Amino acid sequence: MATAGRELGALGWTPATSSNFSMRVDSAHAAVTISGRDKGRLGIDDIMVVDLDGHAVGTTARPSAETALHTQIYRRFADAGAVLHTHSRAQSVASRLYAAQGLVRFEGWELQKAIAGYTTHESVLDLPVFPNTQDMHVLVRQVDAWLDAGKPLHGYLIDGHGIYTWGRDMPETRRHLEAFEFLLNCELDLLRLKGTAS
Amino acid sequence: MATAGRELGALGWTPATSSNFSMRVDSAHAAVTISGRDKGRLGIDDIMVVDLDGHAVGTTARPSAETALHTQIYRRFADAGAVLHTHSRAQSVASRLYAAQGLVRFEGWELQKAIAGYTTHESVLDLPVFPNTQDMHVLVRQVDAWLDAGKPLHGYLIDGHGIYTWGRDMPETRRHLEAFEFLLNCELDLLRLKGTAS
Amino acid sequence: MATAGRELGALGWTPATSSNFSMRVDSAHAAVTISGRDKGRLGIDDIMVVDLDGHAVGTTARPSAETALHTQIYRRFADAGAVLHTHSRAQSVASRLYAAQGLVRFEGWELQKAIAGYTTHESVLDLPVFPNTQDMHVLVRQVDAWLDAGKPLHGYLIDGHGIYTWGRDMPETRRHLEAFEFLLNCELDLLRLKGTAS
Amino acid sequence: MATAGRELGALGWTPATSSNFSMRVDSAHAAVTISGRDKGRLGIDDIMVVDLDGHAVGTTARPSAETALHTQIYRRFADAGAVLHTHSRAQSVASRLYAAQGLVRFEGWELQKAIAGYTTHESVLDLPVFPNTQDMHVLVRQVDAWLDAGKPLHGYLIDGHGIYTWGRDMPETRRHLEAFEFLLNCELDLLRLKGTAS
């Protein structure tokens, strides 16, 4: 997690102490970053253990409000081993632009194959955009509703905020994050150049 | 200050020996960078002490004209511990674009919460743009007038020039600077993509 | 190849484990990167030897499907010593924008002289864009058809995907890659600024 | 020169072995980089001495054609101590966009003060754009004509190519280069955002 933080921080994806990261510890626990720390300089004291309801374990530190979004992923995806939440410029700007239509749709990009389970560019990859709120329960219900409707989900944007994505382990999660960041930048470039999305 | 200079210089926010930084020493003094030095390679000889009227203390070196804008912040904000003035491309370009309307208004961005006192994206954060002048007294009066009108102030742009921002200590000041830089870039991106600000 | 991978990875041209590289071993063999590895951290185990029909030599590892595009270059160009395939944002975006017209045409850029055989900016440099397909045989036939028509070829884009380019050795190949990347970025900038290509 | 090369190369201003640098040795000689070398990795063997007519001194190496543009600066400006020629994307794109009007005019930017002799943003700074040609004599005559007309000159663009700028010593020359690069990027940003130059 410290390595991910340092490398993602160097890319400018965690501005102003925003963003948070987690990894699954076992079937009932995860380790998450503590709110407000500089994600480019994470040490052992910047990380705490929570159960999958988001309650702190073995510490008096209070988990950040956004912890609920991490533990939801571990509850809903039995094979999820890591969750990354970042705030890059492309993620923030795209979330504002696509908020009204509720999702960014990727089609025809070879890099869609970087998402687990995708084997061809001739596929459709949807990244939903949920409205932002300071009430995490509302966000959790929005994500649950999407999943309960049986729609595939590999990550999501929150309007004006950033992205959540996950994978089996940290390398797959970083691959997913890099792929979404790349695809969002490409879509924004096409919008600027064509005046309309691809 | 040397660390801030090296890291901000590496980001390209202090081009061509521009920019200056300061930190409060005590209730009546501040340490400021000397004009014209490479901000990416600051040493102890590139920094001098001034009183809060901007007069040099214990040195024959002449403080830069812009020192008056630093000491004004320490006089007006008792809890300000550091001031950063940088010249990034987004800061310079946004200052030109928003000069006519006198401010950049941020609404709906999660990163507004990076500014001290902001707890929700459902808030309004104004960054004023003051006209540029080589006469620092005029700039000081513009800032005083804004504050005397009772309007909140966490930083300001000068047209065609750059940003001033501050905080309790250097880490908070850098968080504010990173947040404003990020938000300005996002607003410029939205302008390019939508043809109108958010 | 490891150096090229590390340096190109740092530029963001190999997102999400995409891209692959090769070098000629002798008149009948080439060394190629194995699919799915992080191109910024290549070791000896991430590289395998194939013959010029793309069959593995001295290993049970399976070469990536795209290996056929590398060996085609070594078959068709007797003096080709290295092939680089990358996925930068400019390469991906330009491939989408110019797919309909089938090529990007560069004229009037001094940097055209970075391509072997070009001695003046008063020349025409065409970079074809081929449709993307997961069937490498189709791609190989498209490249063969271009060459069989006697048209000059120093590199090509695949729609929504990335670039292939080559040279006598790795330094010339990297020079070609840097030149195409630079020229594509310049053309996209002019499109954004003028609303039409140069 | 090696330090300048390494640092400017890292910024991407010397793509594909383009660009060249020089420093004055004495009133009659200059040291210049040899054509075609990677400017990010300059060693002593990549630099040669020429007289101010551009003839090699103490070596059988042939100076690059562009050497004539460097020695012209040392002949015309007695206090010039260094010349930098780079090919950044902003320099190349701006040279194409402003070629028809023959110059880029900067007004109202605080960073104009980074150019020697400028003390206020309320000034006009012109950067001429000369047509590109592979015949250096033509380029030399264009620069001579501008100077003979008594117009101030601190640098110039060549269409589709890059910038030349100079100063008393390498630090001042780099400050000039950084300032022009910054100002060109700002003007291009304003063009994109406003549809018209500042």
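In order of appearance the chains are A, B, C and D, and numbering begins at 1 in each one.
Heads up, the rule we're going with is that a residue touches a chain if its C-beta (ideal position, glycine included) is under 8 Å from a C-beta of that chain, and two chains touch if they have at least 3 such contacts.
A quick note: this is a predicted structure, and the numbers were derived from the prediction, not measured.
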{"item": "Chains touching both chain A and chain D", "value": "B, C"}
{"item": "Target chain C, source chain B, minimum contact steps", "value": "2"}
{"item": "Same or different residue numbers at the chain C/chain D copy interface, by half rule", "value": "different"}
{"item": "Rotation angle superposing chain B onto its copy chain D by C-alpha atoms, nearest 5 degrees", "value": "90"}
{"item": "Chain centre separation (chain A, chain C; CA means) in Å", "value": "32"}
{"item": "Chain A: positions in contact with at least two other chains", "value": "192"}
{"item": "Which chain pairs touch, all of them", "value": "A-B, A-C, B-D, C-D"}
{"item": "Contacting residues of chain C [partner chain D, same complex]", "value": "108-111, 114, 119-122, 171, 175-176, 178-179, 181-182, 185-186, 189-190, 192-194, 198"}
{"item": "Complex interface listing, chain C residues touching chain A", "value": "15-18, 38, 87, 89, 92-93, 96-97, 132, 134, 158-162, 188, 191-192"}
